[in-house]
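Below, each structure is written out as C-alpha cells.
In the two complexes that follow, chain A is the common piece, with chain B as its partner first and chain C second.
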Partner chain A sequence: MKEILAIKNLSKSFGKKMVLENFNLIMEKGKVYGLLGINGEGKTTLIRMIMGVIPPDDGEIFFKNKKISFRDDSYKKEIGFIAEESIFYSWMSIKELLSFNASFYPKWNTRKANAYLEKFSLDPKTRIRHLSRGMKLKLGLIVTLASEPEFLILDDPTSGLDVPTRHDFLKEIIKELSEAGTTILFSTHIVHEIEGIIDNLGILKFGNLILDEDFHELKNSVKRVLLTSDESLEDKITIDGVITQKINGTQCEIVVYPWTEEKKKKIEALNLNNMEVKPMNLEEIFISFAS
Partner chain B sequence: MFLKILLKEWRENILIFSLAVILMLALVVLNLTDLKELTLNFSGMFLIFFLPFAALLIGSSGFYSEFKDNAWVYLFSRPIKKEVLWVLKFISLLSILLVIFLMFFIARQFLPGLNEVLDNFAFPQEFRGILSFSMYFVIPLVAFVISFSISILYDRQFVIFFISGLIGTVLMVIYQQYLLFMERVYYYPGSFKIFSLFIALSFILASLITFVKYDFSQMGKKILTFSKFAVLFLVVSLVLSTIGIAKGELFTGSKDFYPFSSLKYEGDVYTYAYQRGISRIIKYDSESDRMEKISEKSSHTRSRFSIGGENIIYLREARLPKKYWLNNIWIVNIDGSGEKPLVEIDNPDSPVYNHEILDGNLLSSDGKEVIFLTYLFDKDARKKIITVWWMNVNGSGIKKKKLEFPGNYWGFQLLAWSEPENHLILMYEVKSQTFKPIAKRVVLVNLENESQRTLFENVIEGIYTLRTSPTYDHLALASRGEPDGKERLFILNLKTLEKKTVFEADLLKLWAVKWSQDGRKILFSRTNELWAYFLDENRLQKVSQRNYGHEVGFDWLADNKRFVLIVPVDGEYHLSVLSEDSKEEKRIKIPYPVEGPVFAWGLNNNVLLKFRMGPLFRLDLETEKWKKVY
Partner chain C sequence: MIEIDTSSFIPFYEQIKQQIKTRISLGVVKPGEPLPSIRELATILIINPNTVARAYRELEREGFIYTRKGKGCFVTDDSTALIKKERTLILNQVFDGAIEEAKKLNLSSSEIKKIFERRLGLKTEVIKKGERK
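And now, the complex of A and B:
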C-alpha cells in the first residue's frame, strides 16, 4: 500500500465546540475517497487543516510520508484544492486570476488551462464577479487542474449546482482524473452523486470517522434485514454489528454491518415468519450510519 | 510571484494613488502661480493630512480584499509561506506610499517655490521641538505599518482605518510623556525616530506572529493574540530603547562643548557642554589647568548663559506638564557652588508661573541683578504678551513692564542691559503672517517709559558675530543697510548709543568677532581675511597673515596687546602669535590633525584650542607644550 495522506490524532475546536477529536485517516495513492458527513460535522475544517489554511490544535498530518506543519507550503504545489465555494478576487478577470495563480506553481500548464477554458466555454475577459456558481466551479477546476496536482481535494464543490452541471463535473472530470491515477478526496453531503466513483468511503460523525472502508466491500457487507414474527422481537436481536434497529411489534428492520453467515444463522434461529436481506445504496448506508 | 502580488495590490489601491497624483498636479499648478499663501496652505494640508490619510488607507487595505471576497482560503491554500505572503503584501503596499513620497520629493526639487514655502512652514508650537520636515514622512510610515499590521484582524477596512488612527494618536500622547521623562534624564534628539522605529517593529512582529501561527478564521482569538503580542513588544521596545539611550549615552555618548556659547571671564573660559546625555555649564580653570563642572544640569535646547560678578545664570528645564521645552532660570556661583533656581515658571507661587522665559537672560555686571523676558499667550485677547522683568538675585525687588511689538515677531534675545540708563537692547525676528522671515531687528527699550527705538534693521546674525564686549559697554553687530544694501559691521556704545561703522562691503562674509579683554579692540574675520579694529583710535587694520579657512581660530591674549591666529603653512597648521600691529613673534606647529574649524581662546600666555568634534588642548606659549584638557 502506498500512502499519500496520513492523519494521526488530529483535533480541532472552535471555542468550546470540539469539531474534530483524535481524527485518523489514511489514504492510498490513486484512490478516490468519499468523505461524507452531515453539515457541521467538520469536513471543511479537516480539509482546511490539510491545506494549511487553519492550524490544528493537536495531531499530525503526513503527505507522502513527510510530516507537514501549518507553515509548510511546498507540499501544496502537489495538491489541487477546490473549495466549497470557489471564491476568488471578484475584481479580477478570468485571465488575470489564472495568471496570478500560475505564479505560485512551477508546473503550471498554460496550454491545459487554455484548453479547459475552451472546453468550458469561459471567456477569459469576464470578471469573476459576473460568473455564475457553475462557471466559478469550472474556473476552480481550471485553476486546480492546470497545476497538474497529484492529489485533488474537493470540498463539497457541487453543492448548489443544477443537476446537469453536477453531472458534467462528476462524470466527465472526476472520472477522467481518477482514471488517470490522481488521488481524490471528495467531501460532500450530496451522497448519491459519488456512489459510482469512489473507492473508499469515510463517514464523519462526532469529530471522528465512524466508518472508513473500501466502498465495494462495504456495499457487499452492509445489509438491511427485514424480519417478521408472531411474537415481539423486542430484545431478541443479539447479534453484533447492528447499526440501526426499528422494531414495530412483530416486525423488525435492522441494518447490519458486516453481514456474515454466522449472523444469518443466529437470526434464522429465532422464531421468524419471514426474513429478507436487502442490499443498500450509499445514501441508505450513510443515513443509517449517520443517524 | 512578487510581481503578481505587487500588481494586484497596486490595482486594488489605484484610486488612492490616483488621488495623490491629482493632488500633486494641483500643487505643481499652484506653485506656478503667485498664490504663495494658498500654495503654502495646500502643501501644509498635503503634508499634515493627506499623507497620513493615504498611509492609513493603503495600510488598512492590507488584507481587505481577502476578507471581502473570502479569498483568504484560496490564498492560504496556495504554495506560499504565510510570512512570505505577509512580507510581499507589505512591500507591495509600502511601494505605493513610497512612490507618493517620491513624487513629492521630486516636486520639491524642481519647484523652488514649493521648497521655499515648505522651509518656512510652521508646525504647531507643541510639536516644533519634535517634528522636523522628515517627520512629515516618518509619521505616515508608522501609520501605514500600524494599519497594515492590524488589517489581518478584521474585515471592515474603515474600522481598521479609524482604529489605526486612534492607536497612532494614543501612541503620540504616550511618546510625549516618554519624551518628558527621557529629556529630564537624557537629551537624545533622535528619540522620536527610535521610538517610531520600535513602534513599527512591535506592530510588525505582532502581526507576523499572529498571521503565521494562529487561526485566521477565529477573529476573537486572533485579536486577542495580536493584542497580547503588540502590548508585550511595545513595552519591551520602550524599556529597551530607554536602556539603550541611557546606556549608550552614559558609556559611549558624545562629549562635546559648544564654543559659540563660551565666555571668557577672569582668566577662565566658561562654556556649555553636552556630556553623555547631560547638558551643563563647565569651565576651564586656568589655575587648576583643568575642566571643572559648574552646573549639574542645563537646558538641552537653550545654551546661552550670562556671567556677572560672582554669579552665572542659565536655563534649565521646568517641570510643566505638556510643556517640557520650557525653562526656569537657575543661578550658580562661578566656582560651581550654590546652585539653585532663581526664576521658576513651574512654581504656582511665582509671578511668572506658566510663562515662557525667552532667550538671553542677563546678569548685571556686578552680578546682583537679573533681567529677563517672558512670553505668555492671552487666550481671551488672542494676543502675545511680552514682559520684561528685573529683580535682585536674592529674589527681591521684582519689577516688570509689558512690552508691545508691531507685527508677527518671534525669537527674542536680550543682548545688553545698561543699568544706569535703565535701557535694554534686544533683538527679535519679524516674520510674515505665513511665518516667512522678514528681518532681524535690534531695538532699544527704555524701561522707564517703555518707549522703543529701532537701532538696527536687517541684522545679520552669525553665531560668533553678535558680541558684547567683556566690559559690557559695547556691542559688535552686523547689519544690512537700506536702500544701498551694503553690509556693515558696527560697534554700538551701549551707554551713549553712538554707532561706529567699522567695516562695510557688499557682502561682509563675516565669521567671528573677538573682543580684547579691555573692551577696546576687536578682531574680526571674513572669508580668508582677518582685521583688527582699535576703538580708541578708530583705526582699522588688516592682519597681514593669511587667515586659516575656517575663520574662528584666532583671539586676543589676556595682555590685550597680542593675539593668536591659526595659519596654514605648506600644508601644515601653525599657531602664530602676533603683536597688535601684526608682527609675528612666534609660530608654533599644531601637532594634531586640523579638519574643520578650530576655535581659539587667548588667555594669559596660554591658548585653548578646541578642535571640531574633538578634544580641547591648552598650549603654553612659553614652553610650547601641549596638554589635552578635555
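And now, the complex of A and C:
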C-alpha cells in the first residue's frame, strides 16, 4: 500500500469542546475516501488542519511521508481544495484570477484551464462578483484541476447546487480521477452522490472515526435483519456487532456488521417465524452508524 | 446503454457485469468487438473507475472478455457459449426453487409436471399471440 496521507493521534478542541480526539487516518494513493458525519462532528476542522489553516493541539499529519507543520505552505501546491464557498477576490476577472493562481502552482496547466473555460462557457472577461454560485464552483474546479493536484480535498462542494450542475461537477471529478489517478478526500452532506465514487468510507462521530472500511467490503457485510417470532424478542439477541436494534414485541429489526454465517446460525436458533436479511445502501448505512 | 441503478442494492460492479453479459447475449456487442474503455464508462456512469475496472477484471477472469495491452477490452469468441451455460445454471436454480415450493405443498411429481406443462402452454400462447400482432 502506498500511503499519501497519514494522520496520527490528532486532537483538537475549541474551548471546552473536544472536536477531535486521538484521531487516526491513513489514505492510500489513488483511492477515493468518503468522509461522512453529522454537522459539528469535526469534518471541516479535520480538513482545515490537513490544509494547515489551524494548528492541531496534539498529533501529527504526514503528507507523502513528510510531516506537515502549521503554516508550512510547501506541500499545498500538490493539494487541490474545493469547498462549499470558494473564496476568490471578487474584483478580479476570471482571466486575472487564473493567471494569479498560475503563479502559485509549478505544474499549472494553462491549456487545461482554457479548455475548461470553453467547456463551461465561462467568459474570461467576467468579473467574479458577477458569477452565480454554480459558476463559482465551476471556476473553483478549473483553478483546482489546472494546478494538477495529486491530492484533492472536497469539502461539501456541491451543497446548495442544482442537480445538473452537481452532475457536471462530479463528471469532471471522475474524469480527473481516471486520467490522473488523483487521491480524493470527499466530505459531503449529499450522501448518495458519493455512493458510486468512494473506495473507502469513514464516519466521524465523537471526535473519531467510528467506521473506517473498504466500502465494497462494508456493503457486502452490513445487513438489515428483520425478525418475527411468536414470543417477545426482548433481550434475546446476544450477537456482537449489532449497530442498531428496534424491538416491537415479537417483531425486531437489527442492523448487524459484519453479518456472518455464525451469527446467522445463532439468530436462527431463536424461536422465529421469519427472518429476512436485506442489504443496505450508503444512506441507510450512514443513518445506522451515525445515530 | 449501460445504466447504473444507484438505489439498487446490487453492487455497481455486479450491475455492470450483468449488463455487459446481457449485451453480449443479445448480440449488441459481438465476439472480437471492443467494450468502452474504463475511463469512458466511469465518466458516463459517474462512478469510480476502480469499480469499472473490477467489473472488467471479473469478466475477464470468467472468460467473457480479454485485454489487449494498450488497446482495451474485447469480447471473447467463447463468450456467447459461456453466457448460455450460465443462464442454464440460473434456470436450474429457478426450477429447483419451484420444485421445492411444490414439495412443501405435498404435490406429487406428476402433479408438478402437469403444472409445468400448463404454465408452459399458457406462456407459449402468449408468445404466439404477440408474434401474430
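Brief remarks on what is shown
Note that in this section the second predicted complex is superposed on the first by the 284 of 291 C-alpha atoms of A that agree within 3 Å, B and C clash if a C-alpha of one lies under 4 Å from a C-alpha of the other, contacts with A are read in each partner's own complex, and residues count from 1 in each chain.
Everything below uses one rule, namely that a contact is a pair of C-beta atoms (placed from the backbone, for glycine too) under 8 Å apart; a residue touches a chain by one contact, two chains touch by 3 or more.
Computed from a predicted model, the values in this text were never measured in an experiment.
Judged by the touch definition given at the top, the superposed model places A:277 against neither chain B nor chain C.
In the superposition on chain A, A:71 makes contact with chain B only, while chain C stays out of contact range. Of the two partner chains, chain C is the only one that A:220 touches; chain B does not reach it.
Applying the stated contact rule after C-alpha superposition, one finds that A:210 touches neither chain B nor chain C. The partner of chain A that touches more of its residues, comparing chain B with chain C, is B. Using the contact criterion defined above for the overlaid structures, shared-chain residue A:195 touches chain C, although it does not reach chain B.
Contacts of A:48 after superposition on the shared chain: chain B is touched, whereas chain C is not.
Once the two complexes are overlaid on the shared chain, A:177 sits against chain C while remaining clear of chain B. Touching chain C in their complex are the following residues of chain A: 31-32, 167, 170-171, 174-175, 177-179, 192, 195-199, 216, 219-220, 278-281. Those residues of chain C lying in contact with chain A across their complex are 4, 6-7, 9, 11-13, 38-39, 42-43, 45-51, 54.
On chain A, the positions that touch chain B within their shared complex are 14-15, 48, 51-55, 70-71, 73-77, 81, 83, 85, 87-91, 99-101, 103-105. Contact residues on chain B toward chain A in their complex (touch as defined above): 1, 3-4, 8, 11-12, 65, 68-74, 76-84, 212-218.
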